[in-house]
Structures are given as C-alpha cells and as structure tokens.
C-alpha cells in the first residue's frame, strides 16, 4: 500500500502551486499600526463574569500582553495603546519586520498576544478557569505621516472616552433596576455629560485607566520603575511601562520625544 | 487637568483616519487555504524537549487544535492537513466568512488555534510547563479550481514525506554520534531511499502519522468514532476526525465525496 | 552652472525609490477580462454628431480597433465583445503576458486601442475631423472559471439588449418632439417591450449589430472571409472576424470550440 | 430565432459577476505618480527614423502631450517630468480623482496621452506618416512624503543624465564606423565623463532639453509666456509651460513654491 504512495510521490508535480502565494508588502516609510480586537468578547466577558463596565483584571491582563509584545517585537513595535478588548501596536516608521509582509506581521502579533493572554490568565483571574479559548482578530493599517498617526491615536482615545461615559451610564441604569433594553433606549442620543450628572456618577473619580486607556512604551529615560504586580518575572520587557495619560494633546509627544518622532 | 482633556475631545476631528483602513477581500468562488506555521519552533521544540524527529504529543496537540478550528469555524472550514508545526485549513468554495476579508480570516484562525494550543498544552505534555509563549504566523492563499487545491494538498504531503525521510536519517546519524553539522553534510544531495536502507531504518514501520501527516475533517458518514484521548470533552467538534492517509491519490476523494467536491 | 548639476548627480542616492513600485499580479490560471469604456463619450458623441441611438460608423471603428487588439496581442487575447463605447477583451486562461501584471496589461491594451481609434478615425468618419482627443479607461477583472466568464459575457450582452431597447424608445420619443427630460420621465420604470410596440418600433428589423453587440475572434475554422471595408490593409489581424450573434446560449461555444474552452 | 434570445435574457442571472470587480484605491494623502513608457519604442523609433541619440521633434511631441494632460486633468496633475519615451505625472497630494482608483487613473492618463500623441503627430513630424500605432504602458506609484517624491524626480533626472551621456558616446562611436555591438562592448563599464572627452563630444553644448529632460507645470506666476510652436491652438493648457532645468537641487522648489509644496 505504501509502495503506491511512494511511487505517486515521484510523479507529483505540484510545486507550481507556490505561484499562488501572495503576501503584499505594506508601503515602505509609512507608520504601520496593527490593531487587534477580541472575537466574541461580549460572550467571553459574560461567561467569565467580567465586572461591568470595566474589569480591572481583564484590562491589566491586556496591558501585560501588550507589554510582552513590545518585548518580543523590539525594536520594531515602539508604542501600544489599549482600551477594552482592543489594542493598537505602532511600528517604527523604518521597520522591515518580515519585509513588511502584511499577513505575516498581523498574524504573528495576534498569535503572540493570544498566547500570552492564555498563559497569564490565571495570574490575573486567580479564582477563574478559562472556560473557552479567547481569541482576537487583527488588521494592519499604514499611515503616511506622523500627524495622521497621531490623529489615529486620538481617534482611539476619543472612542475610549465616549464609550466609557456611555457604559458608565448604561450599567448604572441597569444597577438601578432597568433592563438592558430600557437602559439602551434611555441613552439613545443622550447628552452623556448631562446624564452622568443626573445619575450622580462622579466620573472624574473613576480610575484613570478606565477613562484614558493604557499607553505602553519603552522607558528610555531610565527613571525608576514601580513594576506592576505579575510583571517582574518577565525579563524581556523589564523596561516597558504602562501609563494612563492624555495622548491627544501635545504634552505626551513633548515629554517622550523619540517614541513617535524617531524613525 | 481632565477638564482640558474633555475639551480637547470635542475638538478632535479624527474619524477621517478610518479611510486608511483597507482589508482586501479574497476572490469570490475560489478555494481559500489558510496555512499557519510555528514561529521559532526550532527553539521552542528544543526548550520543551520535543522527541526527534517526531514528537507524538506535539503532533497530537496540533491535531487537537485543528479539530477545534473545524468545530469553531463550521461550516466554513471543511478540511485541514497538518504536518510538523504547520497546518493548512481549507474553506469551502462558497464561504463568505467575514465577507472573505483576508486579514480578518487569517488572524481569527491563527489566534483561535494558538489559544487552544496553550489551553490544552498540559493535556498533552503532562509533565511539562510552558516556558515561553508558542505562536504561529499565517497566510491566506486562493486557488481557482478544485484540481489546483488538490495539487496544493499533494504538495504539502510530498513535503511531509521528504522531510520525514530526511529527518529520520538525520536524527539516526546524530544518535550514532555524528554532530548535527556532520549529519547535515552527509545528507547533502543524498538519495534518501538509499540512505534509509543503509542506516537500517525500517521506514515503513514508522507510525503512519509521521509518514503521511494528519487529515482532519467532519465524519459525515456517521460511522462509529473511537474518540481520541483528550477529545471527549469538546462538544463542538465531536464529529471531527483525524486520519493519516494518502490524500494524493484519487482514493480519498472517492471515499469522502462532499468534502472537497461540495460547494 | 551645469558643473553644479553634474556634481549633484554623483551625490544622489535615489534608487531606493524603486522599492515603492508595486504592480500586483493577477491570479494565475484565472480568466482575465480587460474592459475599456469611453471617457466622457456622451460629450464626445455630441461634438462629433454621432447618429442616435446607434452610430454605425462609430461601432465599426470600435470593432476595427478590437480586431487590431486581437492581432497585436495574439495569442493572449482570444475573444472580445463590444457594445456602444465599451469593449471587453478576454485573455486565454494560461496567459503570462507581462507576467500578468495588472497595470501593465490594462494600460497597454487601452493605449493601443486608443491609438488605433485615432489613427483610423478618418477611415470611418470620412467627412469629420477629430475635434478633441477621444480616450478610454480600463480595468482588469479575473474570473476563476469558464462558467463565470460566460456569465460575465452574458451580463454584457443582456446590458446591450436592455440599453438598446431603452435608447430606441428614448430617441423615438425625442424625434416625436419630446424633450430629453420628458422622454426620460416617460420611460421611468416602463415595460420596454410594450413601449416598443406602442411607439411602432419594429425592433427585430434593427441591424443585429445594434441588438446583439459585436463578437470578435480568430477565424480558426478557415472558412471564407468577407473582409469588411477598411480591414484589408491590416496584415496582423487578417483572420480576425466580427460576428453579431447570441453569446448567451450554448450555441456559440458549441460552434466555436477552442475559443473559450481552450487553455 | 430572436425570440429565443429575448427569452434567454429574462432568465439570465448574471449581475453577480460584478462582485469580482476590484479596483484598489491608492493610499490617501500620499503623492501619486503615474509613469508612462513607450511600448516597443525601439522599433517604433527606427520605423519612423528618429534622429539618434535624441530626436527633437519626438521630444517636443511628448512635451506637447504632457502639457495637454495637465490641461485635461487639472487641478489634479500638478507637475510632469519627461525624458526619452517616458513621462511621469505628479498628482497633488489631496487628489481624489476617480476616488484614487489605480486602474482608472492609470488607464485614463495613458489613453489621453496616446490620443494626443497620434492626433498631433503630423504637427511635429510634418513629412512622416504614422506607420503603426504608437502605444504606452503605465503604472501608478505612491510616495508617502514630499521628500521621497523629490527623490523620485531626482532618480529620473539622474537616469536622463546618465543615459544621455551613454547614448551620446554610443551614437558617436556608431557614426565613426563601429557596429552597434562593438560600440556597446566598448562602453561596458566605461567612465562616461572620460569617454565623452576622448570622443571629443562637447557635452555641455548639447541642448539642455537633451541633458536635463523636460519639466511641465502651470505658470502660476503670470510671467510672460513665449508659446511654443504648435501650442497656440490649445485653450485648455494655455498656461502650462515646459522648462528644461535642474530639478534635483533645491532651487526649483524655491523658485516655484506651491507646485510640490502645496496640498
């Protein structure tokens, strides 16, 4: 029986199928952003009983994974910004990682992130077992200039802010006895600022991580690092830090020259 | 301070950055193949002391993950073929998963596969902890006809066969005291069939999984399934089976009409 | 002054800009169709007083150009179908013209077609000078199977039929004194078959070229050719013929095996 | 017979073929360059007895066509640079012509250029009839910054310079009785500057158009224009001018702010 198989093999002329492979390269000298998003995280967060509207453990696990990505893909990935179940990874403009092949870059980032997420789950959710496999999808986008890249980051942080205001109102309404449907209807087209006040939510006292998302980058300035819990064991990203700060205004770039200004 | 942030937000006009997003769709009515490969698995297999040339536990873990992919992405993924640290997933011709967007398809598959790999690691490597995160990269390729798709699968199975012959010789030489360098040189351009004989390797008695790789598909015929160990708990892919068979010759398609012949 | 220029040149390091060039290749083993369309032909046909709804001279000039394309790009272009100011060129499935680079194929076809159109204008419009330069745009589309390719051709011929019915009614109404606006409104959502009868247009007696468009292909059967006027001088496409026939039904493929059935 | 055709048409369901059409858009906010090249111009220039190494009539015809392109595609095309049988057209960074669809942009430019080339041929080659249709191919390339765009232009002008030095030597050798083969061999790897001297070619006295190519742009400064012969009749590009100048150094951009510095 195997004899037949072996003979067949000598007659196979199938190398030609390689000519169908085609992984387009991302435009040189542009800023590559890989953004990943949780797949079916609505269901995943319910199954694993995430605290609403923000689960600190889940966000810190996301941050840990992002820090690991900066460690693994150094010096190519220079900055990351995360909120909820999404994370954006910024590559330095001159990167030539995988010859800038789109599929390879996106899949390697998303796979590594996922791998760390599962491996480190129990460090952040001590009492909870993973009930089904969490996964993420990803995409690469190129931006031709630093200004547009910064507008991209602003867009994500504005989204964080608006979603967080909305979710704070929504879950407060639910906690007050409204059904999800009722809460949704009551917020349709609402002035969120006003509703926060009416619902007596002291928005500014919420943790800044919830309000401004998380920015991850290399601590090049050498300043003293308070290592986060769970982080100390990971050699490769020892100098990667997480901050929760305004990345829309000019201050961030002024205080951290070399992150988004370098090549 | 936050006041400034909130005011800024009202002035941000950054939605325009969305126009840079661009995820090309894979050609309709073609057969999509997503092939994933282990990243740095040479090192990963050394760190985790994989048996050489084939580690049964590692291969079975790969197979388990592939089965889970068929379960998760049903009815879109209809067949998978795996060897070593690579796996190819075949989508049915008419799939419209994620509107056939390339990045989304590749990243979702590779992330889910990775997630299962880490979650189930300990079921297959009972005595071994994961020392660093395993990851995979992926790519999508389209084939315009069933014939070319079958040639693709033949190409992978021929590769399995040749690599396995080579690796069997290589590791036998190493076990006989040669250095890796010497073993490599000694096999340069060699007639593998002949070397197997000289090295007294009874190739045909090696497990068929090593020689022919693993084919994963739905057991539509309803025949009785001996569930593999580790598999029983997974509801979603209860009827997905692994076989180690010749997929180059016509027999496989004849015995399993509807897998690669359906739409 | 030039000295400066020459010195500068020695210092220019600009070859790197080549890495931005990127001409994706059309998928191998698919059927390539290049469809060209007149740019601003509404205005062009008015300026040059085309007979409405169909100008025989203009159509014959289009056909001549298409024949020249088959002559110039033999054996790659095997069939063409034209109607109004558009023409579709079908490449044989196995073509490797310009390594299947999309821009190169489209631009070369559209430029050659345009060139012949201008050169031969006076042969078809004897009394009329070209008042401004006619031009065409083009695109390439790939079809993975012969069946879909034939559906593409059907789509174009159905379009020809419907547009011609509409235009016959429209211009009849205009000739009866309606303004273009009134004619348009009167035909909105109309049953064209019925309106043709009401307007006493003997549709079936219109020239078949108007009703079924023009099909251009190589006369491989060696049957006697009545050369069209204006055609005799062109050596390169001596055996290319134009027919006005039904290409939707099976008859065309049955009568001309080897055109759309070959590789 | 037609009855059958008409009945068929009602049954045709072929609109779905539209889903195969796919014209990728060029990245927003980048500089688009469309470069066109003569197809088979080696043969074309021989058939039409172009003067070697530079035919002034042919170059001026190319320039006229480029000027017409700027007139036709205003305000999108802002600059063009030509040498020999190639021309590069620069679009302003913010152009949204044809929604930046690559095939449409390339094919429309190349077709219009070709059309003018044929129409105006006799104005430049008074004694010569066109013997076969001239045609061009084209491609679009995007550059993410003005600096890289300027490097692109430098690259083309350096090419012009080197090719012109080479061709000047080559044709001098031929005029001295060498065969083309001998001339070619004698110039392999040669220091062109030195060979020009040895061959007593007074390179600097050659027309500047031969040495520096042709730059085409809008005369926004309103300075007095000496209209070139053949140009006066063309209303649409009355204020488009051709200059033969150094575009590598900073002077051009300094003297013409707003061409490559505007949006």
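Every chain is named by a letter (A, B, C and D) in the order it is written, and numbering of its residues begins at 1.
Here is the rule we use: a contact is a pair of C-beta atoms (placed from the backbone, for glycine too) under 8 Å apart; a residue touches a chain by one contact, two chains touch by 3 or more.
What you see is a predicted model, and the numbers here were worked out from it, not measured in a lab.
J.: Which chains contact both subunit C and subunit D?
T.: Shared contacts of subunit C and subunit D: A, B.
J.: Have a look at where subunit A meets subunit C and say same if over half of the interface residue numbers show up on both copies, different if under half do.
T.: Same-residue interface.
J.: If you take the mean of the Cα atoms for each chain, which one ends up farthest from subunit C?
T.: A
J.: Please tell me the distance, in whole Å, between the geometric centres of subunit A and subunit B computed from their C-alpha atoms.
T.: 26
J.: Taking each chain's centre as its mean C-alpha position, how far apart are subunit B and subunit D in Å?
T.: Chain centroid spacing, subunit B to subunit D, equals 49 Å.
J.: Which integer distance in Å separates the CA centroid of subunit B from that of subunit C?
T.: The mean C-alpha positions of subunit B and subunit C differ by 46 Å.
J.: Give me the residues of subunit D that touch two or more other chains.
T.: Correct list: 20, 22, 24, 27, 142, 148.
J.: If you look only at subunit A, which of its residues touch subunit C in the complex?
T.: Contacts found on subunit A: 19-20, 22, 24-25, 27-28.
J.: Which of the residues in subunit D come into contact with subunit C in the complex?
T.: 2, 4-6, 8-9, 12, 14-18, 20-24, 36, 39, 68, 102-104, 106-108, 110-119, 130, 133-143, 148, 151-152, 154-155, 158, 161-162, 204, 211-212, 246, 248-249
J.: Provide the residue numbers of subunit A that touch subunit D in the complex, in ascending order.
T.: Per the touch definition, subunit A meets subunit D at residues 27, 29-30, 142, 144-145, 148.
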